[in-house]
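Per-chain numbering from 1; labels A, B, C, D and E assigned in written order.
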Amino acid sequence: MTNKRKTGEVILDLQGISLSFGGVKALTNISFNVREHEIRAIIGPNGAGKSSMLNVINGVYRPQEGQITYRGRQRKDMNTYAAAKSGIARTFQNIALFKGMSVLNNIMTGRNLKMQCNFLMQALYLGSARKEEIAHREKVEEIIDFLEIQHIRKTPVGRLSYGLQKRVELGRALAAEPEILLLDEPMAGMNVEEKQDMSRFILDVNDQLGTTIVLIEHDMGVVMDISDRVVVLDYGKKIGDGTPAEVLANQEVINAYLGVAH
Amino acid sequence: MNLSFFFEVLIGGLLSGVMYALVALGFVLIYKASGVFNFAQGAMVFFAALTCVGLSEKFDLSMWVAIPLTMAVMIVLGLAIERIVLRPLVNQPEITLFMATIGLTFFIEGLAQLLWGSQPHKLTLPIEDVPIEFLMEKFNILVSQFDVIAALICAILVTGLALLFSKTKIGRALRAVADDHQAALAVGIPLQQIWGIVWAVAGFVALVAGLLWGARNGVQFALTFVALKALPVLILGGFTSVPGAIVGGLIIGASEKLAEVYIGPLVGGGIEGWFPYVLALLFLLVRPEGLFGEKIIRRI
Amino acid sequence: DDQYIPLLSYRVGPYAAGGSGFYGGVIDYFNLINAKGGLNGVKITWEECETEYNASRGVECYERLKKSQGGASLVEPLSTGIAYGILDRVAEDKIPMTTLGYGRSDAANGKVFPYIFPLITSYWNQAAAMTKYLGDKSGGMDKLKGKKIVHLYHDSAFGKEPIPVLEAQAKQYGFELIKIPVAHPGNEQQSQWLQIRQANPDYVILWGWGVMNAVAIKTAQRNGYSREKMLGVWWAGSEEDAVPAGDAAKGYTSMTFNTPGNYPVLDELRSKVYAAGKGNLSDKTRIGSVYHMRGVTAAILWSEAILKAQEKYGKGKQMTSEQIRWGFENLNVDEARQKALGALGMFPPVKTSCEDHEGSGAVKVQQWTGDKWKAITPNWVVGDKALTRAMLEESSNKYAAEKKITPACLK
Amino acid sequence: MFYREAGQFKTSYQADNQIFPLRQDRIGVALLLCAAFFAVPLLASDYAFSAIFIPFLIFSLAALGLNILTGYAGQLSLGSAAFMAVGAFASYNFMLRVPGIPILLAFVLGGISAAMVGIAFGLPSLRIRGFYLAAATLATQFFVVWCLTKIQWFTNYSSSGVITAQEIVIMGMSFNTPVKKYLLTLSIVCVMALLAKNMVRSNVGRSWMAVRDMDVAAEVIGFRLMRTKLLAFAVSSFYCGIAGALYAYAYLGTVEPEAYNLDLSFRILFMIIIGGVGSILGSFLGSAFIVLLPVFLNLIAHFLSLPTNIASNLELMVFGALIIFFLIVEPHGLARLWQITKEKLRLWPFPH
Amino acid sequence: MSIHSISSESAINNPAYLSVNNIEVIYDHVILVLKGISLQVPQGKIVALLGANGAGKSTTLKAISTLLKNERGDITKGDITFQGQRVDHLTPNELVKRGLSQVMEGRHCFGHLSVEENLLTGAYTRTLSRTDLKAELEKVYHYFPRLRERRNSQAGYTSGGEQQMCAIGRALMAKPSMILLDEPSMGIAPQLVEEIFEIVKSLNQQEQVSFLLAEQNTNIALRYADFGYILENGRVVMEGDASDLASNEDVKEFYLGVSGAGRKSFRDMKFYRRRKRWLA
């Protein structure tokens, strides 16, 4: 499959990232980059360090070594707030929704950085606060429509099935209108049809909004079909990097991850 | 500074700390087994002591008969609590369970006074609460014999419970339950039985604490307040650690006494009410789960 | 047309023992009055409400009961917190409130607090009496010079109340006053007693409350301090305070405004009330215990006030609360009257006036023999009343200024 | 059947964002407010005002404050009474020391003082969580009460350590009768409840709930933990502070620091748990439960003419048992029970 | 209600080991989720439960394992029998003792316990000698070598896939005769997915363990299962032999992602399709 969309400059560059927890080496000297507008997949066997990689990118984990260059700015590690502020949003592998809140409110939280009114205005619910609330609500409703979760809009997310929660989580990340979207297994627990919708969806976001996407996924079909470039991790080391086709042909990758090619 | 006085305060504090630890143990036991902060522990201490004294006074029994009888009562109480209160609340948020134990507190307090009246009683154990003469003469340091025996009993309890938790299958199951009720049920851990056992053991610990504290303070409603002394011990040592309770107790006991004696006069005294809490708070700032508590896992 | 008295009692919680004894005494005496035909024929009715010693529940009880059965004659919450909660309300409702041995000492000034009656004695007078007693014991007030007295107190408004008096007297008589507070609830006092042991004082005043008392006595024993040299406030002087301390309490002394012992009136209670199965205490041995006797005393004073009012406003009639207030302000229970009531010497003679709602200020000292209290001062002890009077004036006038009250006597 | 939303379509987000999106609810609330402001003052007795309604409203306000902190922001606290005390004593001192200060301003300043104390004691919450935090908040409780008893300046050197609340006068009008006090309290509580409702349905509220439900994720999304938590502490303490001031001024009149003891903190905690953690309505329901139930039990015991010492203990036991019973029936409190009832009504007479 | 039954006889010939009869489940007293589900698992068979998100698969499994109560769900109608006896009133512990064990959705490892301790709790209902226990552990480690490496770390800190393995391994430790598996392949690398299903197969064939598995990976599920049910909106809309289901056109299109023209690329989906509903 050829990629006709234009991918731009490198906006995120990771150099020599190493991360360990006590004795466990989660990541060892990993370098790779992400270009603007591309869909970058990270694959690898369980416990390879994929989720840790995302955690490093948005500052949940601080790597012991390495450098992160994001939009020209070089640093040793990110910090979660700064990452969010500069346009990195993400979803989590173990759903991290706000369980007690409704779907609508969960997605609304995604827009918090865009809200200007201070709490006094919100308490009084004065004109501007109300207007702001409604403006954001409209945006969120668009996302809700897009994800086809209108019927559960007011349901507390704790009551939703696993798959629906995944969708809501994606919605929350999207609501932030991020520049980079980090997705950790967004399609786990979905059936093919739902995965198709989800893929379409990711592609649309990527196409229409130009959002850069970093994606972890175990479904090779999806990865091969929608990603532009793929990084392969194994035991915290990088064992492959390239287009889907290249990676697919890499014997090391086959041994470590894919098993018998299919 | 008068050195022997300092040691006296220090030792007195350490021994008081042991008494706090005794109460804290009951909390740890239940928290560890179910993630429930048992607000009713103080009431259970009171109930146990009052029942013991009540039985012995009303039916003119010797302590050696009254104590096992009370033990039986506490076991029944523990099982009943599991059956009536906890079982329907499996898998509920901890704050709900916490609240249920508050309800329980009222119930037990009412029950205790309904059964045995509201009069304070004296409780005489065959251990005398007088200074050990030997230490008195030799070093001019005052240590009560009672405290030393209490410390021994506490040590035995701590060792026993620590072994129970770390070495047995039940211990592991208890920790599993505290982590995730649903999953524990799914692997076949008989939550009901386990809670029954734990509450019964907690009842036993409450009885021991009740007897020792009762002998010191008299058996009266105020025994429920000893829980307030145990809380800072608990947070300092960690809710989930049996050895933490004893170490926390020692630290709190000693520093609270030293503070009252040496800092108290500077600020007008009476700081024992809040000092242990502030101290524990400072420790928490460094280690948010107490000295020995299990780290709270926050991974996403 | 009975005389209705609401009882804001507490029978659960930490102070239940005191509550059940006191209100038990009150109700027993009411029953006795009624069994004997009432106050000039007017029977007493009452209604109890559980306050749990909690201010807001106490207020609720007060508000609920004050209007029922034709209106409350008087109230007595036996709790400082509740007393404060209804302090303004009783004045508004014109219902007299007695606070026997607790509450604001300055409320004895009837010009500022027309409806409050801290009958018999206030904290200040008690503190003054304590110094007087300790002075006498040392062989004269001048012998107090150079002595060390520890004031071991419950760290609250209650425990701090006597400090001004004690300080003034320390200056006057030249003794050293060492103040050592105990944090509520006081179930652990090792550090305080180590300090006391270190200071080795001549006397320890125990201004304690609840469990703190028993623990103080016990801890004194463990630290080898003589209990004879301890002198408790009357809230540290009941069976409930001494019994839990066990043998350690033997020899411990405390203040009281009831002389322990048996009295004809108590026998009457046994024969007329308990024999008829109407006794309020579930445990008969508590008849004549400190709290019970305190309750009986309160009830006697109340009925005396009602009788006094009847003298003025019509014998055998139901009195309004305002009339009873007048009765309280003109009480005169002297020894002759006490004798007639079968309570000679049970409490000091009480004679009130508008300026003096306290009416006495006299106390006794009692000692625990191991199973009961025994009075050890043959006569009533009265402290330096001039000193307390001055303090009382100052403090109550400050209150009047804050509340914009012009001090004056009601007629 | 009677409680249906069928036919009520929202055509704008504004309409959907209303506090009470359902017409029945709106009518219900309007009726309730009318009753509270007009009918009750005409009908109720002084007893009802000064012993039931006023404390009920004040406790509701305090519960609301605690609910903001515990229910919405997820920070379990056992120190609410301390913040109430700060509010009361600060208001008292403002009134005392700033001549001519309007009393409402004194209340607000009292609330702000409480908020500042709240922020100071909220700092540890950045590291400490759950029951550890709860136990640590006891430090606030004991420390504040200790300070108020120790530092006599706060009580204006009153010998008994007691303060006497000044008379409430607003624009020349003196609020000295129970009805007037009730109306004043009611107005304050209504306004503050409205503000609270606004807060929890807008971004602040969402930030609190996010921190409550999963603080790591909240941080990743861009909420700042420190600011969010401290704001919750501040707002909550402000509410408690105002409640504390009302407790002194509109309810008790004369208070000692011990009136704001640990017991009171616990009672307020009970209110929110019984009423519903994370629910504005729940604060009111819980407060009603805790204020009314003992009265009710007392009346029943009286009616059955049980011997008082038995009755008192039974009351306590029944109270405890009822708490447990309600938790078993609905762990999320009375507010949720009410909601479920509504949902059932909506379907009525069909079971589903 | 019409059930699109393609072929129903073959599997049902076996006496049902587990049978769920027309159950209705309500959450929180008001939310009706299962509207009459019936299904059978014959002894020694693998039965797959398929369906879109929110169809009610997990709820069905939790109803069977009686874990539903603790999530405030109630079975208001119908009954469940296991080994011929009604089990809806049993405690989960009794069920496990009888041989029915569940792997819950979303992993649910005991975070503070080490991986090995997690596995050991799985054997709680069995009384095993130390050596037997060791052998059992070895077996699990043999299936999941990754777990052996991480045996001493706290489960809460392991990766998603590792936790999933841990949860499955834990259930195996109970040596059940029937396992309810809720999305076993979720978050597992493709190679391992195959392996997990191989384990299922070998347990099934060698130890006669029956399986009821809720699975989104329809492809593989139907490959290994004997029989399948498709749920939609709390109802069974289709049931049949796995092979028949796999060749059904609708199933192919909606659950297997292949239509007449073979498998489509995820990139080429040009529109969102309204999911087909069998039920109006």
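Quick note on the criterion: contacts are C-beta pairs under 8 Å (C-beta built on N, C-alpha and C of every residue); 3 or more make two chains touch, one makes a residue touch a chain.
In UniProt terms the chains read A, E = ABC transporter ATP-binding protein; B, D = Branched-chain amino acid ABC transporter permease.
A quick note: this is a predicted structure, and the numbers were derived from the prediction, not measured.
Visitor: By CA centroid distance, what chain is farthest from subunit A?
Guide: The chain farthest from subunit A, judged by C-alpha centres, is C.
Visitor: Let me check something: if the centre of a chain is the mean of its CA atoms, which chain is farthest from subunit D?
Guide: So the chain farthest away from subunit D turns out to be E.
Visitor: Would you mind telling me which chain pair, A-D or D-E, is linked by more contacting C-beta pairs?
Guide: A-D
Visitor: Per the centroid of Cα atoms for each chain, what is the distance between subunit C and subunit E, given in Å?
Guide: 73
Visitor: Go ahead and note the Å separation of the Cα centroids belonging to subunit B and subunit D.
Guide: Comparing mean C-alpha positions, subunit D is 32 Å from subunit B.
Visitor: From the C-alpha centre of subunit B to that of subunit E, how far is it in Å?
Guide: That pair's centroid distance is 44 Å.
Visitor: Which parts of subunit B, given as residue numbers and ranges, touch two or more other chains?
Guide: Expected reply: 109-110, 113, 117-118, 228, 268, 270-271, 273-274, 299-300.
Visitor: At least two partner chains per residue is the criterion; list those residues in subunit A.
Guide: Touching at least two other chains: 60, 92, 94, 96.
Visitor: Could you list the positions in subunit D whose residues touch two or more of the other chains?
Guide: In subunit D, 142, 146, 214, 216-217, 220, 309, 313, 315-316 touch at least two other chains.
Visitor: Taking the top-of-page definition of touch, could you list the pairs of chains it picks out?
Guide: A-B, A-D, A-E, B-C, B-D, B-E, C-D, D-E
Visitor: For the complex, give me every residue of subunit B touching subunit E.
Guide: 90-91, 169, 172-173, 175-176, 178-193, 294, 297, 299
Visitor: Over in the complex, which subunit D residues touch subunit C? Could you list them?
Guide: Those residues of subunit D that touch subunit C are 45-47, 50-52, 55, 142, 146, 149, 158-162, 164, 166-167, 251-259, 263, 291, 294-295, 298, 302, 308-309, 311-313, 315-316.
Visitor: Touching residues of subunit E toward subunit D in the complex: what are they?
Guide: Per the touch definition, subunit E meets subunit D at residues 26, 28-30, 32.
Visitor: In the complex of these two chains, what residues of subunit B are touching subunit A?
Guide: Residues in contact with subunit A: 299-300.
Visitor: Looking at the complex, which residues from subunit C come into contact with subunit B?
Guide: Per the stated touch rule, the residues are 11-17, 19-20, 155, 179-185, 187-188, 190-192, 194-195, 197-198, 210-211, 214-215, 218, 221-224, 240, 243-248, 282-283, 286.
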